[in-house]
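I have a structure here, written as structure tokens, and I will follow up with some questions on it.
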Amino acid sequence: MNPMKYQFFNDYSEGAHPKILERLAASNLQQMTGYGNDEISLQAQALIQQAVGNPQAAVHFVSGGTQANLLCLASMLRPHESVIAPATGHINAHEAGAIEATGHKIETIQTNDGKLRASHLADLFKTPRDEHVTKPKATFISNASELGTIYSKAELQSLRDFCQQNDLYLYLDGARLGSAITAKDSDLNLADVAALTDMLYIGGTKNGALLGEAIVITNPALQSEFRWHIKQRGALLAKGRVVGAQFLELFTGDLYFELARHANKMAEHLAQELRELGFAFLTPPQSNQIFPILPEALIARLQQDYGFYVWAPAGDGLSAIRLVTSWATEEKAVEQFLKAARDSK
Amino acid sequence: MNPMKYQFFNDYSEGAHPKILERLAASNLQQMTGYGNDEISLQAQALIQQAVGNPQAAVHFVSGGTQANLLCLASMLRPHESVIAPATGHINAHEAGAIEATGHKIETIQTNDGKLRASHLADLFKTPRDEHVTKPKATFISNASELGTIYSKAELQSLRDFCQQNDLYLYLDGARLGSAITAKDSDLNLADVAALTDMLYIGGTKNGALLGEAIVITNPALQSEFRWHIKQRGALLAKGRVVGAQFLELFTGDLYFELARHANKMAEHLAQELRELGFAFLTPPQSNQIFPILPEALIARLQQDYGFYVWAPAGDGLSAIRLVTSWATEEKAVEQFLKAARDSK
Amino acid sequence: MNPMKYQFFNDYSEGAHPKILERLAASNLQQMTGYGNDEISLQAQALIQQAVGNPQAAVHFVSGGTQANLLCLASMLRPHESVIAPATGHINAHEAGAIEATGHKIETIQTNDGKLRASHLADLFKTPRDEHVTKPKATFISNASELGTIYSKAELQSLRDFCQQNDLYLYLDGARLGSAITAKDSDLNLADVAALTDMLYIGGTKNGALLGEAIVITNPALQSEFRWHIKQRGALLAKGRVVGAQFLELFTGDLYFELARHANKMAEHLAQELRELGFAFLTPPQSNQIFPILPEALIARLQQDYGFYVWAPAGDGLSAIRLVTSWATEEKAVEQFLKAARDSK
Amino acid sequence: MNPMKYQFFNDYSEGAHPKILERLAASNLQQMTGYGNDEISLQAQALIQQAVGNPQAAVHFVSGGTQANLLCLASMLRPHESVIAPATGHINAHEAGAIEATGHKIETIQTNDGKLRASHLADLFKTPRDEHVTKPKATFISNASELGTIYSKAELQSLRDFCQQNDLYLYLDGARLGSAITAKDSDLNLADVAALTDMLYIGGTKNGALLGEAIVITNPALQSEFRWHIKQRGALLAKGRVVGAQFLELFTGDLYFELARHANKMAEHLAQELRELGFAFLTPPQSNQIFPILPEALIARLQQDYGFYVWAPAGDGLSAIRLVTSWATEEKAVEQFLKAARDSK
């Protein structure tokens, strides 16, 4: 990465929010029990149970999102069962076959905006299944989706209803859940999301932590012996406190949401100004990932000073780019980027 | 864990060495490339290549030891191939079937002291194999072993020779490699260990890091596409710098070895004094894990003020206990423990 | 199945060709070595080596096609490697996740006629891959395809070239290879197919055997320790002679091809007459599976006396049906079916 | 195999009992539904339900024992669960890692005679388990065991009780169940065995069939979607009738037991005479596999005319050999073998 360029590649380019480092340092030399049974992790779990409004929810900390996805899904599937996901879903598109490596097929659905609807599932369930094909048992969604879009409460409720009627677990990848639920358009809060799914993870890595995700299991049938799955997949950290302390800081007070709101605010600002400059978007800009469609010449000029991905050609000399903001995105950098866009237009 | 008791349960009860936290903080807000391709991780890799005396070695950072073991071993085995390990080996005894979950059998060998010898392998290879049994393709050892013992250069060379003659990879779990090679009895250095194995990991978690292990691949045939394996097992950290920075600190100067030497010094002191008190040991005390055999009454009295595991009954009202020291073990605590032992004797 | 209806459901509705049963009976009480090392299996292997024009080819017998596919593909892939297949491919559409259960992703390509072309692969390879996605290492095709179409020599050569240039194995599912290479349009023989692929299986179950497929491995790099894979997947038959004897009969003289030619002749007759009646086809009728598009009223009338699958609606009150003929299909039944179609039109 | 030597290597050296071939031939050209849903298979299933005295038992046919073991056990285990087996158990000693390839650890227990007792399990359960080790969920036994010994009703009941009290499934490999329950010493019948286990298979391959095993699932919780598991492991035969017809013949009348009784009678005769000659046995001779301990010189002489395995050295110039009889073993051959033993003594 060219250090001269300010970058909008992703939301994990910086380390952790300073308060998180402070929290880690505060208890650093204190002796604690290993493997996540320490006091700090227990406190963090309790705060998350509160935040999701479910004191019976099981909470576990692991180090990354692919790890969370593979171990959560593998824990709930029998060998012949599959998971349904949008084709753009992280487990299908960016995890190097991690789910298949646990033995399970992903049944993919093409979508325009990265979101699954109950109608997609209904289509899939029209064809009766026998033993010559896999049996779908879980549905994977992410909120925000990989295309920056977010779910409404009605959409999530409707997925939930379909899943319950069809004996499917609903699993939510919340790598960017902070951004999703603090988005301007969102009518969901954390408790809603937890109540409408069977298992989910709340992303720390992309929302200010050094690393770490909090798995939340609300379906009691899926809670039993979950630590075995964590250990077996190599995800049980000896110093569990390292992730515990970070979530303790994020959920003591409002930090988790503050950080997400900042990322959203930066993205909204970018989106609004780009829209005013007359640019369209690949998907509705709703969270901290936006996909404006720009002339390729403009893209080339912006790339001289800024880092970002060119996502997909859009015809007529245009391409969609991906801009990602984060808790650490500097307002000044956003302004300069927009000025450069205006000047080069 | 009772905060009133000083504990010798393990070497991961504290957080990180303060210098490591400082290193993390120093570059915290700098934007860097993700997934371990950042400058800091690259520097740390270069330092480790130096430390192992092999500029062609591939170096990768992951978050934990079970994760390292499962992904390293799975990367080198075809479906019908197995790994040989001492029955006490971490992969067999403490990883919840992680290796089997990747599809491979562990062929175990009973040993007294946690160490495999070439003669063990030779015994196993006496019986010819056909397709009704698995085909051993890798040998797993750990240095220090799970019973605190360490390998001599001659022992490791002899294992290496057998492996090369019999088309076996030699893999070394170095969760406590720092302690092993800085042990008083050790005639091995890091370069020796790397030269005599095909793949190994250098443990950070148990030697002063918050978390993290450095996988070192010296066999060029095993280097290709290794990042795929890391990603697929959920071990590729978005903020790879988090582990990179810690190893950068550990291998800038002598910190890695200093920390290990401290742990050993504390263990040696415990061992020597307990021996002088007339106590025997389950295995020769060589590294930062020692297993003195004490009267059960004494154990009970010590447990009032100190945390440690009772390992195994030893007959005649005696039991072996496990005492683990670390970079953070306080000299004063060791003295007090010994005084308590003397007083209670 | 209604015994009153003659059926065109598939090519495995009858038992075995009578000569095959005779061959099984002939050596029935003779003592032989187990696990396929018997004389009869060795003779059958030699005949198949001859038939594929490659005395170095490895030949193994297993009991079914899904079994052959899963064990062959798993034997050639490392954990992070995937197999490319048409979406209609048997491994993707009809094997209950068998490939994924061995840990590997299938990367699917939409095709109209069940056939992969080199251009499909070229499209897939346009996007560069990194460790966030699987690495394609094998290509799966079937000849005849699941839609009854067959490959020309030029098409297969072109796939082969692409695969060799891109470090991909080419694997061919020959469940209906007899029908494919004896098809009127085919310019491929068995030796061509073997020479242009790395591994394939020659289908027995759908061409007159009680059960059994012959795996042929021409790529020497894929031959080693293959019996381990067979055993590990539960496919090594104690009485290997049971499949060996059947292939001995099929490849002593011309029986394998005779049976396939009969199936093709019946399918051609059906296709020609239905075409003359003015009906179109979903895919070009080339082998023993044909897909005529008929008015739904006619389908309903034919279903009163004949068994077959309705494959897919084709709009305007039409649907494609699947008619499958076999070595055992009676000419009289074909004539009666055609008469019924003519009369009902 | 030297055709000049009569062989006692195993019980699958011959083809099928002639009546079985006749049964296969009888319906050979009749069209039937595929995948085991044919009339013949349904009839055979009903006969087996009768034979096990449980009309609710699910019955499925597959082609071999390793296949049955791997798919049955994998169907009942979650990823972190293991199966307990005697070290000599077929899944541990002779299946090339088939169970581990489905992701599960086998926890082995050393036994002298191939049989597990409830006391073995009790020992294993003494140590409490946490998430650092696998969780045993199934117990594997075989009757007859791999060392020819058989279970008494009391022994099986006691295993069953322990399993039920400890939330373990009891699975029985019945490759040689015919021989076990028709053994002179046996107080178990087929209904007892089925009532005292959760799942088992009744072996056909080693008791007169060309190939084929009948899986019987008495625990209703384990019956659901079992055909998916069969298909996914490549074990669903297109012409399911091929195995169905063989079991139909075996369980119409008393053929299954007659064949087993013949094998036992031959083994008993061998055992009794060898005992009278003063030879000891490695394990009590109870079923169709016996392990007499003979002088090595005698073994060498017998090997000139007879095929059998030398099992294990027994000290003092003695070795245990394995003699296996079958439904097809000729009385004359047994007499000649015994004469040779007597003459050479």
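Chains: A, B, C and D, in written order; residue numbering restarts at 1 for each.
One rule holds in what follows: contacts are C-beta pairs under 8 Å (C-beta built on N, C-alpha and C of every residue); 3 or more make two chains touch, one makes a residue touch a chain.
Given the structure is predicted, the values throughout are model-derived calculations rather than measurements.
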For chain D, the least number of touch steps when starting out from chain B: 1
Chain separated most widely from chain C, comparing mean CA positions: B
Whole-Å gap separating chain A and chain B, where each centre is the average of the chain's CA atoms: 34
Geometric centre distance via CA averages, chain D-chain A, whole Å: 51
Where chain D touches two or more other chains at once, by residue number: 79-80, 95-97, 101-103, 131-132, 134, 228, 231-232, 236
In the complex, chain B residues that touch chain A: 1, 3, 6-7, 9-10, 12-16, 18, 21, 24-25, 27-34, 38, 63-71, 95-98, 101-102, 205-206, 210-211, 228, 231-239, 241-242, 328
Complex contacts: residues of chain C adjacent to chain B: 74-75, 78-80, 102-103, 130-132, 134-135, 225, 227-232, 236
Residues of chain B defined as touching chain D within the complex: 79-80, 82, 93-97, 100-106, 131-134
